[in-house]
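Mind looking over this structure? Questions follow.
Letters A, B, C and D mark the chains in the order given here, with residues in each chain numbered from 1 onward.
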Amino acid sequence: MGLKDNDRAEIEALRAETRPTLRAVSEGMEAHLYHAHEVLDHGFVRVVDYMGDDAAICQAARVSYGRGTKSVQNDEGLIRYLMRHWHSTPFEMCEIKLHVKLPVFVARQWIRHRTANVNEYSGRYSILDREFYIPSAEHLAAQSVVNNQGRGEALTGEEAARVLDWLKADSTRAYDHYEAMISQDGQQGLARELARMNLPANIYTQWYWKVDLHNLFHFLRLRADAHAQYEIRVYAEAICEIVKDWVPAAYAAFEDYRLGSVQLSGKGVACLKRMLAGEEVTQEGSGMSKGEWREFREVWG
Amino acid sequence: MGLKDNDRAEIEALRAETRPTLRAVSEGMEAHLYHAHEVLDHGFVRVVDYMGDDAAICQAARVSYGRGTKSVQNDEGLIRYLMRHWHSTPFEMCEIKLHVKLPVFVARQWIRHRTANVNEYSGRYSILDREFYIPSAEHLAAQSVVNNQGRGEALTGEEAARVLDWLKADSTRAYDHYEAMISQDGQQGLARELARMNLPANIYTQWYWKVDLHNLFHFLRLRADAHAQYEIRVYAEAICEIVKDWVPAAYAAFEDYRLGSVQLSGKGVACLKRMLAGEEVTQEGSGMSKGEWREFREVWG
Amino acid sequence: MGLKDNDRAEIEALRAETRPTLRAVSEGMEAHLYHAHEVLDHGFVRVVDYMGDDAAICQAARVSYGRGTKSVQNDEGLIRYLMRHWHSTPFEMCEIKLHVKLPVFVARQWIRHRTANVNEYSGRYSILDREFYIPSAEHLAAQSVVNNQGRGEALTGEEAARVLDWLKADSTRAYDHYEAMISQDGQQGLARELARMNLPANIYTQWYWKVDLHNLFHFLRLRADAHAQYEIRVYAEAICEIVKDWVPAAYAAFEDYRLGSVQLSGKGVACLKRMLAGEEVTQEGSGMSKGEWREFREVWG
Amino acid sequence: MGLKDNDRAEIEALRAETRPTLRAVSEGMEAHLYHAHEVLDHGFVRVVDYMGDDAAICQAARVSYGRGTKSVQNDEGLIRYLMRHWHSTPFEMCEIKLHVKLPVFVARQWIRHRTANVNEYSGRYSILDREFYIPSAEHLAAQSVVNNQGRGEALTGEEAARVLDWLKADSTRAYDHYEAMISQDGQQGLARELARMNLPANIYTQWYWKVDLHNLFHFLRLRADAHAQYEIRVYAEAICEIVKDWVPAAYAAFEDYRLGSVQLSGKGVACLKRMLAGEEVTQEGSGMSKGEWREFREVWG
């Protein structure tokens, strides 16, 4: 993975020393702090800081003076109620700051979520590392034949080998030239802000990303979804594991009301009611398009 | 002030117990945590939580693995550089959560700053307290005669007494009727969401307000300014004192580059250059309007 | 309603003159432009400007050079697809600017939607009008006995009369004193920014509110909902009628996938599947709390 | 440039037909609508839609019923006042929608401005075009020797030739392999969402970008600045020319109070006052760091 020895040493140093605080502390999150959870071939997700816990959500919802905890059971019920009724502001009262290393094409998808704070490693100012994402064999997928925006089975045989060769060779050559262009050894050296344009989208970048829990849940709902691109989904899944330990009650409500939920259209509600009444419903009689009907049947059989 | 005994007890309980954390800790901020800093006659500002410190700003700017601190001096220089050149994203990496009690007319001004998270005490759900802002004698100011949007000298004598009497009597009567309308004693009781409409804008409300340091500085620059309405300025000033202890280097840079700064227009720069060259410049020759020229002279004499 | 004669004259003048434009034009929306749709006793909603139409949503989704319209049918299908799969950014490409007159307590709820642009009439700078919301008899509702955050049946008899008397008398007196305090007739006159604090929350204010279609739909979903407070719901409903004429295809998709939709939790999905299989499901066997089960039964019987 | 014949035909069709509207119309902007202003070697900026004009800014600031225009002179004065005193909300009442074609490394910088709406051409769904940014000789700059984040003189001779050769050859090869990987001719074909990772950051992408005038001014202040990277600055400059014709009064105020302005720190103000009083001030006596002093002298000599 993409950690160097001195990076590891810095992380160890941070994990070695606790300090007293009066703030809300999530024990589950303290165990994650600073650890680099590996994702893809050189990427990671590290929790750098966090604010709040399950009780803090309830405390804000009640605008209370103390921790707001009457009992853990009460808090869970309140959290489920808030999630169910789209009361999003109490969840905004928790905040997380992550250090993420990720391929540029994943970063470009990720950044579409605008309600977050970002500091990215600067290719104008600094020299980028020679680290590229090369998919493992089972993730070298073919274009989907049913979905313009998805992927199908893994490539095999010569085709797979050829693709891997190109991805590796082109990355290597692009980085060799990047290095040679910025070199100031016997030449002026091209500006870094220009030289970086030669680097492909599978190069790794890194950033600090800070977001509140409500917006994080929105990100996770879209990116941990089965239709999300695999390379961003694995980041979302790694973050899900972290959030589960940070705010267990909120995460459980998120799983039930968002991740595992189904949104029924007005037409879908009408169809289900007819089916519950014993009626046989067909696409023609559903009022839905073929695409909608296919998605409806995927859930309801 | 507006704290009840059980509020004080809850605050004391929170201040009594520290817990270990691996996160960045600001000693200066720990001393403020939970304390209610009194503002106006019944209001307060309390820090409920915070994330980050001066070093966290530098750590994010450098996208580093450790604390990012090479030396305090380096960090201060970097922070001043970031502030001077409007690199705002590293400041967004610090976050503060406040519990604020404030009159509704102040809350209405405050909420115009949209990049923040808010949970307000709900007058639909709960019964509001009988607490109203009544200005002290020296802040019972007349309308400004030079500025449509400002205030002049304090009212005096009978006029002042009459105003105070009205403010007190109208608040009291409005609240009496509010209570009588929602009472379920021998009657149905008006819905709270309706009854609250009888309450004047000097009633106190409270909220949890969470904001990142960059947006907080923006709020403070506008609201701690001499032209801001006194009743919101005192909140901004109380927060300034807190931020000074939380992130001393960032606050010092903010004071120098924002609070104490002067923005010169292109015309203003041209005038100052002529004045530095020994020329006498008049409004007519400045290219500025009368208003601009007056503001320019206020600074440069 | 709250329009004065010169306001009407200004509106008429604007409606009298068309000008040629190369931009996308929505005929349905042109018919609404500037008209004041009355809401409550003195309020209104007026469309001041708009950007885009149904075709503009598709044009942005396709990042196309022309109007993006292949056929109206294609556009409708694409719009339904985008709405169903939460592709929100194409809907952000339409924008609406409204002039709204509304009671302050409604404005305070409205402003909680932060992703919008607002210019409110300033009580620091200007003198507010003597206009207060007084509920009609059938909307003078009692507190709900089952829902802390709702209302029940209308008050009747003496209780209703007493409430109306108080609301009217207190508003009148508060405004009389407001006027007397700011008067500069024989006295200094209290600053407007202070005097306004005596005014109750049923006084009318007005603002320009500009928002993109995606965020407007989010607002409408929450505020046109049966659980929203009546006094804001009527504004949302008036806006729904406008949006229906502006972007008919997008509004139809919104009605089907949002307004008329049902969100099922993971537990709800499991229950429905068992019910479809002919099983009798009870609250105890559902895994849901009593509140969730009640809400589930309200939809599915 | 990157327009194909059918793109041109679509643009011509849109420009051929005007329709009547009741909305505010900016004549200067109508002349720009849909035209593709060329930027760099294959990029462009096209205005797709706009909302509002100078008068609309004043209308919102006054929350007025009509156009808000008392006289052009009054409007200009009000606009200058609003800009000078950071009253940003009236400027948010104007909106612009652009279609931009730009290299990916420019897009990555651009997107850091989060308060905007974006629809980007999807490399998951569609096949990207074979178009790459290759700098012209005079913009093939060396790394700056004084500024880590800037560029110096243009490269010359063999070094320049070598860089250009690499940029061209690597782009061509990367695209050849991209095409070969996604080809379904005699093979499965790699998923587009994966194949795109082989493409370098100088490939062109395109997007619809919609933003309000206040946030656009913020973007322009940072990106039309002399310290911005050349490749994004040329886009900002092209947009400046458009905005100048759209809202001439607002743009003039922006030029004077933002683009051409100087922000003086508290220390800078103190120094200038001493200099105005005839004193000779040195870095040591200024309280400024060397960097600050250099920047101060650049302006004040």
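In the analysis below, a contact is a pair of C-beta atoms (placed from the backbone, for glycine too) under 8 Å apart; a residue touches a chain by one contact, two chains touch by 3 or more.
Protein names from UniProt, one per chain: A, B, C, D = Flavin-dependent thymidylate synthase.
Just so we're clear, the structure is a prediction, and the values are computed from it rather than from any experiment.
By the document's definition of touch, common neighbours of chain C and chain D comprise A, B. Chain pair with the larger contact count among A-C and A-B is A-B, by C-beta pairs in contact.
In this assembly, the C-alpha centroid of chain B lies 29 Å from the C-alpha centroid of chain C. Per-chain Cα centroids separate chain A from chain C by 33 Å. Chain A and chain B have centres, each the mean of its CA atoms, that are 35 Å apart. Under the contact definition stated at the top, the residues of chain A that touch 2 or more other chains are 89, 112, 118.
Within the complex formed with chain B, the chain A residues making contact are 3, 6-7, 10-11, 13-15, 17-25, 30, 33-34, 48-52, 56, 59-61, 63-67, 89-90, 92-93, 95, 97, 99, 117-121, 206-208, 210, 212. Against chain C, in their complex, chain B makes its touches with residues 103-105, 108, 111-112, 114-115, 118, 122-125, 133, 135, 140-144, 148-153, 155, 159, 163, 166-167, 170, 173-174, 177, 180-182, 184, 187-194, 196-202, 229.
The touching residues of chain C, counted against chain A in their complex, run 77, 80-81, 84, 86, 89, 112, 222, 255-257, 259-269, 272-273, 275-276, 289, 291-292, 295, 299-301.
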